[in-house]
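So that we are looking at the same thing, I have put the structure below in structure tokens.
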Amino acid sequence: MTIFKDKQYFRVNLEKEADEALWLRCKSCGELVFKKRVRENNNICPNCGEYFFLTARERIESLIDEESFEDVSKPIVADDPLGFQDEKPYPQRLEEAQEKTGLPSAIILASASISKIPVVIGVMEFQFIGGSMGSVMGEQICHGMEEAIERRCPFVLVSSSGGARMQEGAFALLQMVKTTAVRARLAKERLPFISVMTYPTTGGVQASIASLGDIIIAEKGAMIGFAGRRVIKETIAEELPKNFQTEAFALEHGMIDRVARREELRSELAAVLGFFQEGTR
Amino acid sequence: MTIFKDKQYFRVNLEKEADEALWLRCKSCGELVFKKRVRENNNICPNCGEYFFLTARERIESLIDEESFEDVSKPIVADDPLGFQDEKPYPQRLEEAQEKTGLPSAIILASASISKIPVVIGVMEFQFIGGSMGSVMGEQICHGMEEAIERRCPFVLVSSSGGARMQEGAFALLQMVKTTAVRARLAKERLPFISVMTYPTTGGVQASIASLGDIIIAEKGAMIGFAGRRVIKETIAEELPKNFQTEAFALEHGMIDRVARREELRSELAAVLGFFQEGTR
Amino acid sequence: MSDERTLDLLEAKIQELRELNKADGLELSAEISKLERKLAQLRTELYANLGDWERVRIARNPKRPYSLDYIGEVFSGFYELHGDRLGGDDRALITGLAELDGRRVVIIAQQKGRDPAENKERYFGMVRPQGYHKAVRIMRLAERFGFPIISLIDTPGAYPGLESEEKNIGGAIASSILSMLEIEVPTIAVIIGEGGSGGAVAIGAADRLLMLENAIFSVISPEGAAAILWKSKERVKEAAVALKLTAPDLLNLGVIDEVIPEPLGGAHKDVSQVMAAFKESLVRNLADLGEKSVQELLTQRYERYRKIGRYNTLSD
Amino acid sequence: MSDERTLDLLEAKIQELRELNKADGLELSAEISKLERKLAQLRTELYANLGDWERVRIARNPKRPYSLDYIGEVFSGFYELHGDRLGGDDRALITGLAELDGRRVVIIAQQKGRDPAENKERYFGMVRPQGYHKAVRIMRLAERFGFPIISLIDTPGAYPGLESEEKNIGGAIASSILSMLEIEVPTIAVIIGEGGSGGAVAIGAADRLLMLENAIFSVISPEGAAAILWKSKERVKEAAVALKLTAPDLLNLGVIDEVIPEPLGGAHKDVSQVMAAFKESLVRNLADLGEKSVQELLTQRYERYRKIGRYNTLSD
């Protein structure tokens, strides 16, 4: 069954859609702010500094050099190997997610440059079924690392995912192994892998590829961890500290190398990629 | 300067000295017990089960097959490279230790068999300046591992040491590196190294060779740790738990593989060496 | 259709009759035989049509053999190794040396408790970071000496709790998967009961992945899926069906290599039978892997996991 | 002989005179010059005859440049990397990427605090197991990308405490030594202040071991040795002499490769001078090591440590 029939979303480009609304209300400070200014400001409220959610498109645009974007994803879309049906059939969920995001899957994979340094970069889209990792995301991540090997350049992965995609069952679960296997090859090739953790990086994604970066950078405001608060509270009824699974918690507990504010993330990547650049032998 | 001139102790053999006293009083239960029975009983009080101190000779005898002992140590004795003098000159301390123990240094190194399995085994003598590791002990341990490589057999090290020998300064300290270097070679040769920790295994010995066993077995009653209680209390005035640095503490905190009672140690070694035996390729 | 409890009651009654018969010479043998035949028939009906949720319950049945039962029955000379060398020794994940049919192996196994005290010690088989760190250490030991690794999987999942998160349980699972993939010795994983999510995969990325007939392997528990996807904890049966978590399903999907048969009603109904089947499968698979060179082993392992997944390709 | 404090007081007085002279035109220049010459002479006498205990005090002087000072002055673009991935990030041992004279290196450095708050955070430069685990992780990173390792040593010793022992500080030190020996990139260790015992050796097992002129490197602190060997804490001076812990002593004994000169009175008296000497030595040694193949490097490293020690051989 081909879920994604008409290919309308198939090649991603970064052209902006026309903006319908001029203003938006910040949930944090309550102010009405100019949508255009918010956009130009990395989706940070110009009034109070609150981070608004970034789509994968917006994220990638905020990180790479202008005009350097080239979609290098494989032409694949999700299958429904389990014939999964909860309150909706899985194919319907997929279609809705595609319509909502304008993307074929929960990850954009591109060749691009950051501060003139060529990279292959994957960016997850949280609005696509919670950025969950199924067979397509797993395959695109692996393909991205293979592209990096082909091009002798670093691989950057920006995670935003609740974990494995339940609707693909064991296939989703085993993407943890699949991405790790290709990550080991990237290491053998001595090419750098920079993992960027944003809100949220949890579950099977955090417990596999995202935690295996040579360098791991978390965005301020990220949520990082394996089990969700709810699961922990239900299983063991434990008091959790206020900073639980924040980027500060992750830094304190040695899970990541660095924290960067959203507006610093591009220069942060430029710095570390610059250091490795000669190293890509 | 040759400290150890007359070679009287130079080759170790396990012949027993004549026993002067017939009885000894157990410090734990207060009973007068037959010294001969204590000896036959691995220096364990036949009345209350208290472990009496084992000399290196007694220890090695309690572990290896009868008549299998052969001293394979290098013919070396300590130098005094620092011209070290505290309340006594170092050479005098050495002579006294030699007289007291009948050994040239703080370690016995032998080729032997345990349950018919050939091994090279080193056993530290705590009564020789606290079993401290100076240049001679470091060299003998390295030589022992090299002998094991030569003979394609496992290396067993029974530690009983307070750490590095202060009187040899940086030379003593760097035996930590030296023994680790040769231990890495043993690993490359895929020969097993069984580390046995007895009372006490602390300081520079615990922080190097003793902690690098493929398998680490602690004797019940051992003391295992890096910094002594006194140092910790003086530096940070911290309350220490009752089982601090016991073998149970070490097991609970993942520092060792197993705990064995003294009377089980030989069969414990036989079991693990037996498993590895075919593996010594 | 009768459920398992009813049949267990019937079996108990028959047993009572049998004893009565023996003791008092009542000559009930014919009646008893009839009852026994009836029971066998009912059981066959029940188990042949085992629903997925019933399998989940069998997989979690506390009478089911646990790792240490297999280790004691199928392997010889188990020599347990403790500790991650980093500060902990997780009793929910045990490791050690053993022999299987004369061949030396290293065992890495998840272990549940048999009683409340043991469950407290073993965290109900939920592994903490210390457990995965120990596993990685033991994998390196196995590699150094060329011993194949047998991993036995039986966990509801990695332990969810503050301590786990503070010690980077996600990173520990990731490292364990990576080590399983890198290690240059043959590896076989057997799911003997519950194969719960990342906590199971951590030691499951093996050359061969086997499952007992009534074991389960799932990306999430049916309870978790019901709560999230159906917004109702009651709908576990639907979730169990939808997740395709049974051994036959996973064999069909090509995710696992082999199903190890269990007696009717589950492994606990005839332990010696399941032990024999388990051993036969392990010995055979091990012999097969033993014939491969390290290079073949690593290449085939890589290819196995590189291609896992199902998606549709569009022509550009 | 005058001690350092007296001379510092004299210097302050001369400075006051100088200011008075400038402000009020008192024409004291000749007298001031005389005093300055006298001071210089006294300093030379004092420092040329530095006792070992005075060197210990200079090595521990809180005005002395610390690792981050060298990193900021001598290296460029320091990019700190955090975390052991196991639950901790020890601030007493910092790691990161940097460039030295255009060459990319990885830095592993012990760092003391400059004020009480920072000392609390950095445990006075005493490293816990988390720090050594981080060091080992970073060594593997350096190896993967072929970056040489520069380790800067400045610690009273590994942190002695319950937490350290619970996390197997001894095992962590042993693993760190092992990694330093195995790592397939050039390694240079510089003792810049205190090189305290196993806590220093853990990151000191390098291809080159350099020492600043007034740094110390010792199997035990003079205080510890005095307490144990002389049974008196007061006898630290004797202990400092006996332990042969100064750079010149250790160069004589063949334990270290090179002494990096300091200005009279210690590195803090002229920081830019010591930075220049430090940089020159590091660049030169790195260039030298960079010419060796990995095999040469590992062989020479092995031989260096295989033969360390002094003993007497008896003819049999």
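Labels A, B, C and D are assigned to the chains in the order they are written; within every chain, residues are numbered from 1.
Heads up, the rule we're going with is that contacts are C-beta pairs under 8 Å (C-beta built on N, C-alpha and C of every residue); 3 or more make two chains touch, one makes a residue touch a chain.
Nothing here was measured: the structure is a model prediction, and the numbers come from that model.
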Chain-contact steps, minimal, separating chain D from chain B: 1
Whole-Å gap between the CA centroids of chain A and chain D: 43
Gap in Å, rounded to a whole number, between the CA centres of chain B and chain A: 55
Whole-Å separation of chain centres (CA-atom averages), chain A against chain C: 33
Residues of chain B whose C-beta touches two or more other chains: 211, 253-255
Per-residue multi-chain contacts in chain D, two or more chains: 85-87, 166-168, 171, 175
Chain contact graph, described as a line, ring, star, complete graph or other shape: other
Touching chain combinations (by label order): A-C, A-D, B-C, B-D, C-D
Contact footprint of chain D on chain B as seen in their complex: 1-4, 7, 10, 74-79, 81-82, 84-87, 134-136, 138-139, 142, 164-166, 168-178, 180-185, 202-204, 206-212, 225-227, 231-232, 235-236, 238-241, 244-245, 249, 253-255
Interface residues, chain D side, partner chain A - complex: 77, 79-89, 97, 99, 104, 130, 134, 141, 144-147
Touch list for chain A against partner chain D, complex: 187, 190, 192, 211, 214-215, 251-258, 271-272, 275-276, 278-279, 281
Chain C to chain D touching residues, read off their complex: 85-87, 129, 133, 166-168, 171-172, 175
For the chain D and chain B complex, residues of the former touching the latter: 158, 160-162, 164-171, 173-175, 177-178, 181-182, 197-198, 201-202, 204-205, 217-220, 224-225, 228-231, 238-239, 242-245, 250, 253, 255, 301-302, 305-306, 308-316
